[in-house]
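Next come two complexes built around chain A: one with chain B, the other with chain C.
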Partner chain A sequence: MSGRWQWFHRLGSPKWFYEKTTRWLPWLVGAMALFLAVGIVWALLFLPPDYQQGHTSRILVVHVAVAGTSLSFFPLMAVAGTVTLVWRIKLADMVAKNAAPLGAWFTFLTLATGSIWGSVSWGTWWEWTDSRLVSMLFQLFLLLGVISLRTAIENAETAARACALLSIVGCINVVIIKYSVDWWNTLHQPSSPISMEVGSPNGPEFWVATAVMIVAVYLFLAVSLILTTRNEILQREDKAQWVRELVAQAR
Partner chain B sequence: MNRAGAGAAFRATLKRDLLISVKRRNDILNPFMFFVIVVSLFPIGISPESAMLRQIAAGVIWIAVLLASMLSMDSLYRSDYEDGSLEQLLLSSQPLYLLVFAKNIAHWLVSGLPVILVSPLLAYMLALPAEGYVTLVLSLLLGTPVVGMLGSIAVALTVGLGSRGLILAVITVPMSVPVLIFGTLAVQNSLAGGSPLGYLALLGAMLAAAVSLAPVATAAALRISLN
Partner chain C sequence: MMKPHRRKRLGVILFVAFGLSVAVMLTLFALSQNINMFYTPTEVANGEVETGTMFRIGGMVKDGSVEQQQESLAVSFVTTDFVHDVPIEYEGILPDLFREGQGIVAEGRLDTLGVFQASRVLAKHDENYMSPEVRAALEQAGVNPDNHQFGATPED
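Moving on, here comes the complex of A and B:
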């Protein structure tokens, strides 16, 4: 093996990943807690109520952050899937396997927070004419499809490669669905341009809070993904020497 | 030699699949009957008023076509998988893309085309106005092969599973949404007096993309399923 690719294969070693993340996790969790605390306290206590939407605008800080993050799942799974299919690196599949339920959960949270916000601002919990709601719903369906394919195939190796292929196809499809649903008339707020002026509709007090929340949610995603992947490693590599030693130590 | 071989293999696969379908009429007839029955449920379930029916006619037919193709899809690779001829296809020296494509065409000819041929009659029963028929048939002609080829990927991924009837639909139906959107928008647009050409062109673009990419994915999926 040429030296240039060694780092890549080391990255794919479950043991290497497990040891590295043991060191990273405290920092990641700390940063996540910090950003979450700042974002939530800011949004709930200090953000001035919107002149039109009142206090309901606070939920947008969470909604925008979760929505943005949930869009990253299919690209993430497609990249992991490509690595699984081309290099057959087991770690990529462990990440992809746990990304699917997390992605479904984030997508559901996006729909739920959007729907709660919409019930006050639009006066309706669900609105088919809004293209973003509808394409999110279909992203949820596609993710559930990937999950059910994973559970349906018993052989882990086959399931990994089948889900990898479906994630790649699904990733392309999500984009097509998004643009085709956009052809409908839309009620959704177009993204408001960022403004530097305090007190304007999307002034710094709002978008900085949202930016803090986006970082917080991405950190939350990273931490959850790492934790579930570590579990997966312990389960799948339970015959390996280092896992046995780890388990013996823990006892 | 190999060139001619690829063409011959394509034709042989096409002919073989068509012959098998003719001999197993139930596999074709049941989804077809399902399509007709589902369409005739809508006037009963929603409203027999023609004013209401004409608004939903195109959508009802498109949705029924989608559901019926989910049913017929199941037989696409199953019997080949069970009798081992699918493995022979994978082992053959001919490009798997062409063989998969031939199977898709054969399947569309026996399951998609009959449904499209009967759709004007059902559209008439749903009181679709006269301006809609040509567009409906054209949109179905362009759209159903896309659905079939998307479904073919899902069938290939699940071919080794015991019970897979529903997982196939769960995977394929959400992926077919763009086809449904543009198919119904095309008909609605021509009912409103506009030109449906833009939407039909989009369906055509999807068909071109599906023809060039979907058999590649299906071939990869078959290799995964059969290891």
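Moving on, here comes the complex of A and C:
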């Protein structure tokens, strides 16, 4: 193996990942708790009500953060999938496998919070003719598809490759979700251009709480993915010397 | 350097992903009119919708056009994209956000008089969020902060 690619393969070592994340986890969890607390308190107590929606706009702090984050799952799984297909690095597939159910939950939360907001603001829970809504639902189905594809194929390596391919293809839908509100007319509003000026439409008093929540939700994603991947490592590498020692220590 | 067999695999993946993306995008753009949620008043005025068919129309509620019946839930208003107007009649509960100057999407049919008989009216929210104070201040300064998502601005 040539020297230039060595770092890449070391990064793909389950043992390296497990040891590093043991040290990172407390910091990540601490930062997540901090951002979540600030975001939630800000959204509930200090965010000004919107001139049209009143207090309903507080739901959007969570909805926008969860929705934005849910769009990162297919790109994440596609990168991991490409590494699996090209370099056959096991760790990439462990991350991809655990990202799918998480992504399904994030997508579900996006649809649920959006529906609650829509029932009050639009006067409807769901519109089949809105391309933003339907493409987001399609992402949920795609993720459920990735999950069932893995359980449907018995050979683990074949399953990993099939899921990797579906994840790469699924990225097309992310682009469609993102631009659906610009390409076609929809009930869903387009994304807001943020303003730096306090006291103007979309001013900092509105978006800072959302920005804090976006960081909090991404940290939550990172912590959840690391925790589930660590479990996966222990299960798949249970024959490895270092895992055996770890288990012996725990006993 | 990447090993040749790996480079080949990466090439195949990129090729498949690119090909599929192009195919999907072309399909979507060919179907664009069907993916759009509603027609604009201008499209309706241009006769793009057959009389009698069920469809959705989207526009702004024209200022001063809302007439609410006293004894019933019947309401009539005019929807506009600031180029063409379409009158709408509806009987039922309107969403909380419904008001003059608001974007709406209505579902129903055009009758022979050119009045849109709506069976459902939904309120559209724009991408601007602001507190009541900011909105009042903007109005005082003579700026119309309402959305202009349906074509030209009212000032035009």
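The criterion applied here is as follows: the second predicted complex is superposed on the first by the 234 of 251 C-alpha atoms of A that agree within 3 Å, B and C clash if a C-alpha of one lies under 4 Å from a C-alpha of the other, contacts with A are read in each partner's own complex, and residues count from 1 in each chain.
Going forward, a residue touches a chain if its C-beta (ideal position, glycine included) is under 8 Å from a C-beta of that chain, and two chains touch if they have at least 3 such contacts.
If you're wondering where the values come from, they're calculated on a predicted model, not measured in any experiment.
**Q** Just checking: does A:Val169 make contact with chain B only, chain C only, both, or neither of them? Give me first, second, both or neither.
**A** So A:Val169 meets both chain B and chain C here.
**Q** Which holds for A:Pro48: it touches chain B only (first), chain C only (second), both, or neither?
**A** second
**Q** Which partner does A:Leu144 contact after superposing on A: first (chain B), second (chain C), both, neither?
**A** In the superposition, A:Leu144 contacts chain B only.
**Q** Is A:Ser57 touching the first partner chain B, the second partner chain C, both, or neither of them?
**A** A:Ser57 contacts chain C only, not chain B.
**Q** In this superposition, which partner touches a larger number of chain A residues, chain B or chain C?
**A** Looking at chain A, the partner in contact with more of its residues is C.
**Q** In the overlay, answer first, second, both or neither for which of chain B and chain C A:Trp183 touches.
**A** Both partners.
**Q** In the overlay, answer first, second, both or neither for which of chain B and chain C A:Trp122 touches.
**A** In the superposed model, A:Trp122 contacts chain C only, not chain B.
**Q** Between chain B and chain C, whom does A:Ser131 touch in the aligned arrangement: first, second, both, or neither?
**A** second
**Q** Applying the document's definition of touch, where does A:Thr158 land relative to chain B and chain C: first, second, both, or neither?
**A** It touches chain B, and chain C stays clear.
**Q** What residues on chain A does chain C touch that chain B touches too?
**A** Dual-contact residues (chain A): 85, 165, 168-169, 176, 183-184.
**Q** List the residues on chain B that touch chain A in their complex, please.
**A** 153-154, 157-158, 160-161, 164, 167, 170-171, 173-175, 177-178, 181-182, 185, 206, 217, 220-221, 224-225, 227
**Q** Using the touch rule from the top, collect the residues of chain A that touch chain C in their complex.
**A** 2, 4-5, 48-53, 57, 60, 82, 85-87, 120-124, 127, 129-131, 165, 168-169, 171-172, 175-176, 183-187, 189-193, 199-203, 205-206
**Q** Touching chain B in the complex: which residues of chain A?
**A** Residues 85, 138, 141-142, 144-145, 148-149, 152-153, 158, 161-162, 165-166, 168-170, 173, 176-177, 180-181, 183-184 of chain A touch chain B in their complex.
**Q** Residues of chain C touching chain A in their complex?
**A** Residue positions touching the partner: 1-2, 6, 9-10, 13, 16-17, 20-21, 24-25, 28, 32, 35-38, 40, 56, 58, 93-98, 102, 105, 120-135, 137-138, 145, 149.
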